[in-house]
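In the two assemblies presented below, chain A is common to both, partnered first by chain B and then by chain C.
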Partner chain A sequence: MSTQPMDSGMETAEFAVGAEALTALDDGKPPATAGTRKWLRFRFLIRFQSLLGLVLVLFGGIIFSPRRNGEILFLSADNLANIVRSVSETGIIAVGMTFVIIAGGIDLSVGAVLGLSGVLVARLMIDWNYGTALAIIIVLIAGLLFGVLQGLVSNYMRIQAFIVTLAGLQLARGLARFISGDKFINISFGSGPKQAPSSFSVLGDRFGGVLPVSALVFLGVGIIGSVVLNTTRFGRHVFAVGGNERAARLSGINVRYVKIVTFAICGIAAALSGILDAGQLAFANPDSGTGYELTAIAAVVIGGTSLFGGEGTVVGTLAGALLLGSLNNILQLNNINSNLQLIVTATIIVLAAALQHLASRRRGT
Partner chain B sequence: MRSALKESRTNMTRHPAPRPLALVTVGLLILGCAACTSASGETVGSADHPGALAKNCGTGKKFKIGFAQANNAEPYRQHVNSELKQLAKGYPDFDITIADGRGDSNKQISDVENFQTQQVDLLMISPFEAQPLTPTVSQLYAKGTPVIELDRQTTGDKYTAFVGGDNQAIGKAAGTYTAQKVLPNGGEVAILEGLTSTTPAVQRTKGFTEGVAANPKIKVVAVQPADWLPDKAQTVFDAMLRANPGIKAVYANNDLMANGAYLALKGQNKVGDVAIIGTDGLPDEAGGDRAVIDGRMTATFVYPTGAKEALDLAKSILVDCAKSVERNTVVDTTLITKDNAQAAIDKARN
Partner chain C sequence: MEPNGAAPPLLEMQGISKAFGGVRALSGVDLTIRPGEVHALIGENGAGKSTLMNIMSGVIADYEGKMRLAGTEIRFSSPQGALKVGVATVFQELDLVPGLSVAHNLFLGQEPLRSGIFVDNSTMYQRAETVLQRIGGGISPRGIVGNLRLGQQQAVAIAKALAVGEPRILILDEPTAALSTHEVERLFEIIRLLRSRGVAIVFISHRLEEISQIGDRVTVLRDGQTVATVPASTRQDHLVSLLIGESLRALFPPAGTATSEDRLTLENFSYRPGRPSPDWQEPHDINLTVRAGEIVGLVGLLGAGRTELLQVLYGTAPPGLQSGSVKVDGRALRIGSPLAALRRGIGFVPDDRRGSGLVTTRSVAENLILADLKRLSTLGVVRAGRVREALRWGLPRLKIKAAGADAPILSLSGGNQQKVLIGRILLRQPDLLLLDEPTRGVDIGAKAEIYHLVRSLAAGGLAVLVASSELPELAGWCDRLVVLRQGRLIADLPPDTDPARVLALAGGTYTTQEP
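After this line comes the complex of A and B, so read on.
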């Protein structure tokens, strides 16, 4: 704890780096100076950086949108629905990933688990005659177990999550190819043999012809994730474990349990995405979802979640995912080279991470 | 090779003959397309096909055309894009935009949806995977936008026209060439196949075998898969040569494997003793045309892009207000030898 007078402490904080700032700010007293209030406001902005970013991108979308007969094409209901649909799979994964990352972990297996789940749900319905609901439940449980397995290995064998889930990626991809016989599976709907129940095709439908079911599922998952993280005891434990694992353990939190559950949540999210993928495309490809883990991590980072753990929000992640989708959409509507889209995304990721770092330094965490 | 794998799986869906891995130039020897395209005579234009033809057409207008490419990262697809852009200069009424599906059906669906939002006058597409893209493309078509599919098809019949190559015909052309020009007096021939689970590999090999059968003095002594890969082709052909020292010609399902065969010949100091016939004929520096000029390959057969045929179709639909158009256009291959390889490269560079 700092013994310096408050004011000079704040002065130091504004220009200090690392540990110095930490000692300067972390004195447990309510901040009082004008400078502090200024930073508080700044912090508030940074905390919702992705929401602000999203608003900026949406404004940009409106301004730069191509128009036809005075209609702003970017704002058309179809287009907005398309944006949400286009990020629904990576977005759902990103919500699960938010839990893992806040708890101080990472999950690289999600894209492969998506591929595995798509193939599994297809075979369950087509070749093994399961009904829609049962097939979906089995696949969700499989995703959960996959996450639990990774959590167990990581926590009890004391291997970094990065390595365990890298292995999990290979395992899931291998299983996906094995289960599919290394083939694409076309899903046709109906009650005949080798057909999936028609109810499964709902996943590819649009409510009222506009709102895609997958987009609704994505938003639903976001709301549930946000509520769990913000209002439950488990949610608070996730923050505690990611913020300071030792302190969490000493205060009686079952750290291993919390970490394993975050992997389970992420596994379920990836499985759900895989089910949606197969339902939307009427098609299961064992290689589906390749690289989705990175898009999901990008959405989480842009959403203001720290890769060091301990802080982050699901709302931020949702905004991050929608920001990426809107950005790609507006660049595409203006026929801007698709390679440039990647470059712009790269810039935004770095900018978001830099803001995040700045915010945590100010906060002294 | 990833592309070859994807390909095979797509083929297994229910599609006839898309294309294989890396390939080609059309353009070249298009000695008047009446001779080089074969058509089915089937046409569309009815209540079931609102997108079959243009609602808004005529001369003196500007038309937006969106091309949803499957994956720009494949050399063949890059070549299609550049040829399309180059040829489009000859169609001043057309404003063509290319979207990169990045080898991901979800991404390509978004691309098509965005073209729909932009209200393009015509969609061209090479679907990355047939079935996933079908609903989105069908929907666009149902709302009255003409759709021209290049090289690969969606399932069903909700598109205006398809333009693509025929792998078996390409293999047969290579076989006939080998039988008549390379080994008119007969001899032993070897075949290096692509991944045998892929349709293009099977069809090209089948076509070649049919083609060389025209000369009874030719004997196919070895057929082995090298999975589209040059290093594997080198190993396989090295062994083939040792087992059958009398081999006079080798046919490879793609130019990469043909290059592997060349390396095997070089290793045994037999360059020039064996004719190498490839497939693809891409005009870039790493492609088959350059290999033919350098003498690493005797000849190669082009897998066509169909860009010119697709643009001509778009013109008849949008500008000429055609009452009907060809449903299936199969674009013929082109023989590339030392005589025309440089011309093919120059043409692609313009």
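After this line comes the complex of A and C, so read on.
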């Protein structure tokens, strides 16, 4: 039995004017089918909006870069390495945040967890004589547990992630200040008492004399995040939970488990950033990471991930983070007022969001 | 009974046609509404009811054909424009703000003001009181809309249409779709009250039993055309044949042969949620057997407990207590979660395609394989080769028409979306398939494909329990019809039972013995 074209069309039409599809009529377009191919091309653009943006910004960097002896400063190895390092901490957090946001949540606690982790790793090594590896592992587990706790509270007490992680932010910041005695903890390296093992100083080093270790870690996290999101069953579950929670549950997916794991991933990412932060600066500041949650969310949104959940990419997030970093770098190289940098960032966030809105209107959601 | 039989028409629609992107939804529809009549508009899904209603109410301004209101030619550009000349519409999705009071909702956007700035609450409540009295039912203007029952919210939505001034025509879009039997009665009282004051009511429904209760005349639409306008007292079986035409009968696959192997057995089965709700009809004392190879249809009015029974079996009902026994393949079934049900070989396709089925942000392929990812992956990594294999198996067998497996799921027609959802469960190769309104919002061609697909799977030993509000569909498709009423199974009938008798058993309000 085959469908006659007339019949299948009838259905499309009826569906379009059903109560739920009234918005589709508002922009005067018939529902998809006919425009599918065009849409796919368009979606390709949206999907890689942040990569295209990054390319544009890089070109801009080359054009507007100050030059010394004919050398383009922006493109110098040192400068490029600096850009990646400067975004590595918020970038790692943004990768974790991508998982949470695709699953339909949000995590505001990450900046504070970064501060807490830096303080914790410093005290573990300096005051409690833990070795580098063990201290790092303990802090990563602490970050994971912090995420799990937030996930549990949010899912079992049915409180919105926004609220739970807002409380988590206060909790983590409070703990950081308490553990540090509300002071900077200076980290000196060596084998004596009150010193951190010198192996910890590797985090502030440059690999091969050029590439900062933190940048390397950032790229590694990005690759792992992208692989997990795109190739694993868990990754598909994250998309399904964020895209339609009820459908996910009816398909036999443990929705709570998936959501809690995304918070755990985000917690680990924030803890890792905190460790890097302490290692690079050679001190731990309990107030470190303030406002990083917003920078991370900005990178995720610029990267094309929908705050409504259900769609997004880690590659986009990486590009989004690098785009913000490059932009700030160009403005800095040209000695442009740092307040202006904020204004430019604001413009880019709005542009990215507007592009996405266009995409979802096309799709009719 | 046909009041005002000779009255001049209030609204005349002539030769109305409308196409969406080259696809005709309506072709040359005529419709005449007389003052003070309840005019029912019926048709299968996809027949064009909604399109016609949207033209009448001003939602669609761009159409061919003529519309005359009390003799003057008219063309609405918006629902507000229609409202100004007395054509009010209550859409199925009620446009009420749940957090505001009834009065605030009635006068939303046109609140009476004091000094031109402040909302004059006392005047507003007074006027709201007057409007609410006109429909009766004792709704307080100070009540919060979100706290009202659905039937009362419906009444508020109607009152909102009256708040601007008495309309000449009131269009009600499937007003009974979500109401309990008692609430439907209450709604009909309001409709009769308005009719007695000369308001013409256009009543869109696909429940025949309601039409004989409340309607004066019925217009039947099929495939975008007017089939007939007949008195509402027309016999139901005649209406049914007008609705589906002869063509649909040919769409059903030949009946199958059930085996003697019991797949699902319910004995004196009852289920009571921990927090009972009037909107959730508990299954009571149900005895039912579904055999391998058999398709069993669940007949019942809305609120009879069809969906609830399926939900309980699939483990999505609100947590509660069961009594009696439920067995799958002879082993007791523990009512738990969808995952537990899937593991026992039970599959379920929900009625709310958009809300509970589609992951709207993802592709056709992702939607199709969603429930079967475990089999398609090794150590948590999804294997692209196995996914391709699954798609090669599924897409042609399900006859899914899509630009490609990577096309966005929403670019598909409703029928193809539904096939994807059925395919999602079929990939898990269930032994028992539960379908809730599997052809809602699906075109006739895709309906036939779904009938044939499920029948061929049944021939392979699948047991199917299907709930539908379309009796002709169940009668043509199923091996047995079981009738639910207020949560109880009251009859187990062969599919060729006289539809009037089946409806009588299901409804209780319709009786064949009436003088």
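Note that the second predicted complex is superposed on the first by the 327 of 365 C-alpha atoms of A that agree within 3 Å, B and C clash if a C-alpha of one lies under 4 Å from a C-alpha of the other, contacts with A are read in each partner's own complex, and residues count from 1 in each chain.
In this text, a residue touches a chain if its C-beta (ideal position, glycine included) is under 8 Å from a C-beta of that chain, and two chains touch if they have at least 3 such contacts.
These numbers come from a predicted model, not from an experiment.
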| query | Touching A:254, do we find chain B (first), chain C (second), both, or neither? | reply | second
| request: Figure out whether A:232 sits in contact with chain B (first) or chain C (second), or with both, or with neither. | output: second
| said: Contacts for A:62 in the overlay, against chain B (first) and chain C (second): which applies, first, second, both or neither? | reply: neither
| So, A:77: does it touch chain B (first), chain C (second), both, or neither? | neither
| Residues of chain A touched, compared between chain B and chain C (which is higher) | C
| said: After the superposition on A, what does A:310 contact: first (chain B), second (chain C), both or neither? | reply: second
| query | Is A:243 touching the first partner chain B, the second partner chain C, both, or neither of them? | reply | second
| request: Would you sort A:134 into first (chain B), second (chain C), both or neither based on which partner it touches? | output: neither
| said: Contact-wise, after the overlay, does A:328 reach chain B, chain C, both or neither (first, second, both, neither)? | reply: first
| Taking the complex as given, what residues does chain B use to touch chain A? | 6, 9-10, 12-14, 72, 97, 99-100, 102, 104-106, 109-111, 113-114, 116-119, 129, 131-132, 135
| request: Could you please specify the touching residues of chain A with respect to chain B in the complex? | output: 66, 68, 73-74, 76, 78-79, 82, 85-86, 89, 183-184, 186-187, 204, 277, 280-283, 285, 287-288, 290-291, 328-329, 332-333, 335, 338-339
| note | Within the complex, chain A is touched by chain C residues 18-25, 45-51, 54, 59-60, 91-93, 173, 223-224, 251, 314, 316, 337-339, 342-343, 348, 350, 354-362, 366, 369-371, 373-374, 377, 380-382, 399, 401, 403, 406-408, 410-416, 424, 441-446, 448-449, 452
| request: Report the residues of chain A in contact with chain C in the complex, numbered from low to high. | output: 1-4, 6-20, 22, 25, 30-34, 36-37, 39-40, 43, 231-237, 239-240, 242-244, 246-254, 306, 309-311, 363-365
